[in-house]
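Same chain, two partners: subunit A is paired with subunit B first, then with subunit C.
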Partner chain A sequence: MTSASTERANITTSAKSQVANTLATAETVLEVSGLETVFHTQDGDVHAVNNVSFSLQQGELLGIVGESGSGKSVTMMSLLKLLPMPPAEIVAGSVKFDNRDLLQLDLESLRDVRGGDIGFIFQDPMTSLNPVFTVGFQIMEPLRAHMKLNKRQARARAVELLELVGIPSAEERLRDFPHQFSGGMRQRVMIAIALACDPKVLIADEPTTALDVTVQAQIIEIVKDLRQKLGMAIIWITHDLGVVAGIADRVAVMYGGQIVEYADVDELYSDPRHPYTRALLQTLPRQEGEREQRLISIPGQAPNLKGPLTSCPFAPRCSAVFDKCHSANPPLFTIGDRQKSACWLEESNG
Partner chain B sequence: MLNYTIRRLFLAIPTLLFISLVIFFIVKLSPSDPTANLPLTIPPEVREKIRESLGVNQPLLVQFGLWLKQLMISEPLYWTNQYFGTEFEVGQRIISYQTRSPVMDIVIQRMPQTLWVVGTAYLVGILIALPIGIFSAYRQYSIFDQAGTFVSMIGFSVPPFFSGVLVIVIFSVQLGWLPSIYDTTHIVDSWDSFVIQFKQMIMPVMVLALQTTAQISRFLRASMLDNLNQDYVRTARAKGLSEKIVVLVHVLRNSMIPVITVIALGVPTIFGGAIITEQVFKVNGLGQLLIISIQAGDVPTVQTLTFMFAVLIVLFNLVADVLYGLLDPRIRYD
Partner chain C sequence: MADQQQTDTTLVSVNNLKMHFPIYKGLLRRKVGDVKAVDDVSFDIRRGETLGLVGESGCGKSTTGRAVLRLYELTDGMISFQGEDIAQLSSSELRDRRPRMQMIFQDPQACLNPRMTVGAIIGEPLVEHTKLNSDERNERVKELLDSVGMNPDFVNRYPHEFSGGQRQRIGIARALALDPDFIVCDEPIAALDVSIQAQVVNLLEDLQKERGLTYLFISHDLSMVRHIANRVAVMYLGKIMELAPREALFSDPKHPYTKALLSAVPVADPKVEAGRERVILTGDVPSPSNPPAGCVFSTRCPIAEKKCFTEPPQWRELQPDQFVACHLAE
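On to the complex of A and B.
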């Protein structure tokens, strides 16, 4: 744990400000606004994503944090309509990518975007690869579908990709099946698949959660390295605040299916505005000072998302709660030019 | 894989010996008399002579040993002589009590009918089952799926002696479209005779195929449903592959692994014939042979037929295991 966290902390400030400078001028590649996804279940509708808006600049790494069930993954799956529909339904919103609204595209054009312009990495590398096909076959599939490469070209590119993600003797390993790879190696294969067609955006859905800590650190290193080499924008979903601090430019904190705080990574850690973000940061175990008797946790449970939100979803667990929190759901208030928070405490600022 | 196969084949020998012994004693337990079907005018002394000549008065173990010797030595030598023109000394072959002709000759006469009717039914059943299984899983709880479930339920629960007679009543008696009896002497040598052959095969084949379809389509549906929710399916979709490739390449390949086993294990039943259906449509195949041999107390025929089925079952168990290893790279036998 220690080696990984120190590594994450070791990002130099100069590198960060460089990224910030490029961001100011970079163009927006992905713009999500007012996204709402509902699951129609037998016990009623579950509002998993509520009015989520964010944008992604070229080359930016956006971290999405939140606890389980906060709607992080569902939001990202909604972008490419990867959710099983039904039960899921995207009821509102738009996803602007390449001057098109992905939600309005027909399935045929959407498939060109999936795996072509937008790559996806999933949480569990143990089950995300098809066990009966060779790794080579699975890497070559998107290459042949999107880039219309022939078998030999696809093969050459697959070798290139495996070398890019740091798999030794790539040529031979193409013939191996997923069960012949370790967890970290499989996640590298997943990354190779996601990067196969030079995507503009890479969505990584908790790519390190299922891996042990040393392998986590390796995967994070690879992604950081590839980002520098290839210059794509990345959305990194995680519930590990430490990971986000190390790699993200901007962070969106999700709770109850909505973004409750959206800020540059420095602001978020130095001056968290939303009570949920503050509570989250407090739960992180400290490395210095007196050791706590018990790990700190946020009391209460994640909200039940049946029915639309009519009050602040965090109100029952919030330490700073007051009357207004129970009567209306706060919108995202803008604080300064780089931070937003969905809390009634910020009403006067916004 | 080859080592494994050879090892399994050797292990099959004691298994089969044991099976044949059990079959022999079970058949012998029934108090049947091979001369019981002979005319009543035959005096008891003559009957005794006949029993003597058939060897039924000898101790059971001697009878078993004799049968084993005939099966393992005489029969293979006889067929070697037949096919390769060699001139080995062939001892007594296995003789049917009923017809006094060699059992193997009868089996070979009846094999084609069974293979044609039951084998075709099995193939047709599988070919119908595959698309039904795939589509009902892909559109779970759709009207198509509900209809498939209903038809499978009928296939599972309605026995062929009912469905067989039912289709005869409808298509032969009422409508007069199809012949009710399968004519095994019919020779196909022209288009017209082919049409007749086709018509007489329709009913027995469909009655049998209904059962196969019901079974295989249910298995495939369940297996597809298991796989459709797997993470690798989401990965395949996220790669931008078409639904056709996702379902028919990624999901189907995984779903076929358990289904292939079921299909392979069903093959011996083709050779076993469909005892009841063959009876209903008067197809004189192996299933019917088994029934009349049991009724006549024809021990050598029953013994030999059941042993053949046992060999096929053991063999196709091995085939299923080998196929499993070929289809699933995670399974290696060495």
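On to the complex of A and C.
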């Protein structure tokens, strides 16, 4: 058993480097630039997403890391205009996908993209499946709407999809309702629905947060496996730095509604440049070796985002803070080839 | 002599604790079975230590924590607290012992009454259990707020005015109000952000040092348990699978479930992650109303043998202080 799993580990490592090689030449499938989303509330405007730009290559897995309220989910919802508008408003930016700007599309054409070319997996598999329809119906729905399959074809494809995500006796389980599945199984169903129409991009919003670690490990294995088979690009939103370390090619760290660091996964963990990333990595208790006497904590709290940012949002909690941090919000400075950090300390490098 | 010392340092002793919840079904609500949330669990908690209790959701760790405080009527078993069996005490007798044992809850949003001020929340146990007048109470509340790192001037504010981490501090201050010996911390950091978790864990550790508290720390976050606990118990489907000192459990786990659980925890380092051997468990946790015969883990165990499916394993001491319930562990 041990030798088998070592072998598998080796396969995944080599597969990973293969992915890295193809990335260099791969084309960009999704390009987001200057995205800004504001919520108009009774207490004033909340600037949830501030000037967010990133791009996604074919076959790439981009991890988006941040704490609650950092704007990671709102960013992804904004891409497909899944936010309630009003109160939300996308005030600036563009989302290039398939030679089109998704933000300019009318609702009809946007519906074709949602669940078709771009699949979405939500955090909570209990609330995102409809309890009064069978699982089979919910998987077949996008197939019939987007791919215009007839009932029998859709059914066959649904069975195929459930087998793909590792649900045993798929044929019978199509008739079951969501409450007859366990949490991990429900999340597999969600993945099957998201994959139904062979999406080019899969957006997974905290897909394993509500699950236990052993089930999380199962789901991560499935996603790794599916990536090899299907080759789609994935955006994986999470607050767990451990999960990202295991699966991502590139990582964007978000804080205060903006990307504060953007780098390849190895660089991010071996040489984090933004003080927030550094602090975040330091707060995690070690899993091996000597136990630390005391955990390093980040003092203070996350910023509230009322009003536009006029200074670095991390400045009040930063250990390396200096005058300039309070007077202007730093842009993303480029360090080396592929690493970016929004910190005034990098100004001379950038 | 060794026995003498053992009883001196043991604060809480749990023996063969069973907590079954009846299932009623049909028109006549007949009892058709039991959910065996906790099934024959025994452990000791030593004075001044932190015992970590880990496991996946539904394994019975919270039920164990609540049962230890006698928040349920036990199905069976004995719980001795400071040498006294509290399993059979009446509610009024229990009430006299309540100040000595307290609880910190998971969801700081739900465990604070939104209509009460912070002062009233923290002061309530003082009203119930002490004879302090209102000035003395106010004084004490301010001291408590100060000791959990909050501004004493916040007494007249309401819970919604605070962030999650601050609310958890209020919950901790309330638990400390009567100067308890023993606190059950039921997933106290699960609802908090990573950067706030460390603040709360540090606070719990500081308070333990200052006041000599004993914790039962329930969590599903293994790396945090590794940090805070002296000894760790691993639960699965209502039973304890392994109980060992921290170093032994994390560096040399004996039970196959502990091994699988530890290998499933992601490490925040891409180089480690790339070369890791994972034990991926197949299937799901069986229903606690109908647990497998033999070892409860046998249905998912990668090394299960014939006798694992028929014969429940004995709880045995493999090495000094390291206990395991497995036929095959060595």
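As a working rule, the second predicted complex is superposed on the first by the 330 of 350 C-alpha atoms of A that agree within 3 Å, B and C clash if a C-alpha of one lies under 4 Å from a C-alpha of the other, contacts with A are read in each partner's own complex, and residues count from 1 in each chain.
Following the convention adopted for this analysis, contacts are C-beta pairs under 8 Å (C-beta built on N, C-alpha and C of every residue); 3 or more make two chains touch, one makes a residue touch a chain.
All of these numbers come straight from a predicted model, not from anything done at the bench.
Of the two partner chains, subunit C is the only one that A:Asp240 touches; subunit B does not reach it.
Shared-chain residue A:Ala279: touches subunit C; no touch with subunit B. Within the superposed three-chain model, A:Phe122 lies in touch with subunit B and out of touch with subunit C [touch as defined at top].
Between subunit B and subunit C, it is C that contacts the larger number of residues in subunit A.
By the document's definition of touching, neither partner reaches A:Lys224: not subunit B, not subunit C. Contacts of A:His146 after superposition: subunit B is touched, whereas subunit C is not reached. When the two structures are aligned on the shared chain, A:Arg155 is found in touch with neither subunit B nor subunit C. By the touch criterion defined above, A:Lys96 reaches neither subunit B nor subunit C.
When the two complexes are laid over each other on chain A, subunit A has no residue in contact with both subunit B and subunit C. Of all the residues in subunit B, the ones that touch subunit A in their complex are 230-232, 234-242, 245, 250, 253-254, 257, 327-330. Against subunit C, in their complex, subunit A makes its touches with residues 1-2, 5-6, 9, 12-13, 16, 67-68, 182-185, 212-218, 220-221, 239-246, 265-266, 269-270, 279-281, 283-288, 291-292, 294-299, 301-302.
Of all residues in subunit A, those touching subunit B in their complex are 80, 82, 111-116, 119-120, 122, 124, 127-133, 141-142, 145-146, 177, 179, 190, 193.
Those residues of subunit C that touch subunit A in the complex are listed here as 56-57, 163, 165-166, 193-199, 201-202, 205, 220, 222-224, 226-227, 246, 250-251, 260-261, 263-282, 284-285, 302.
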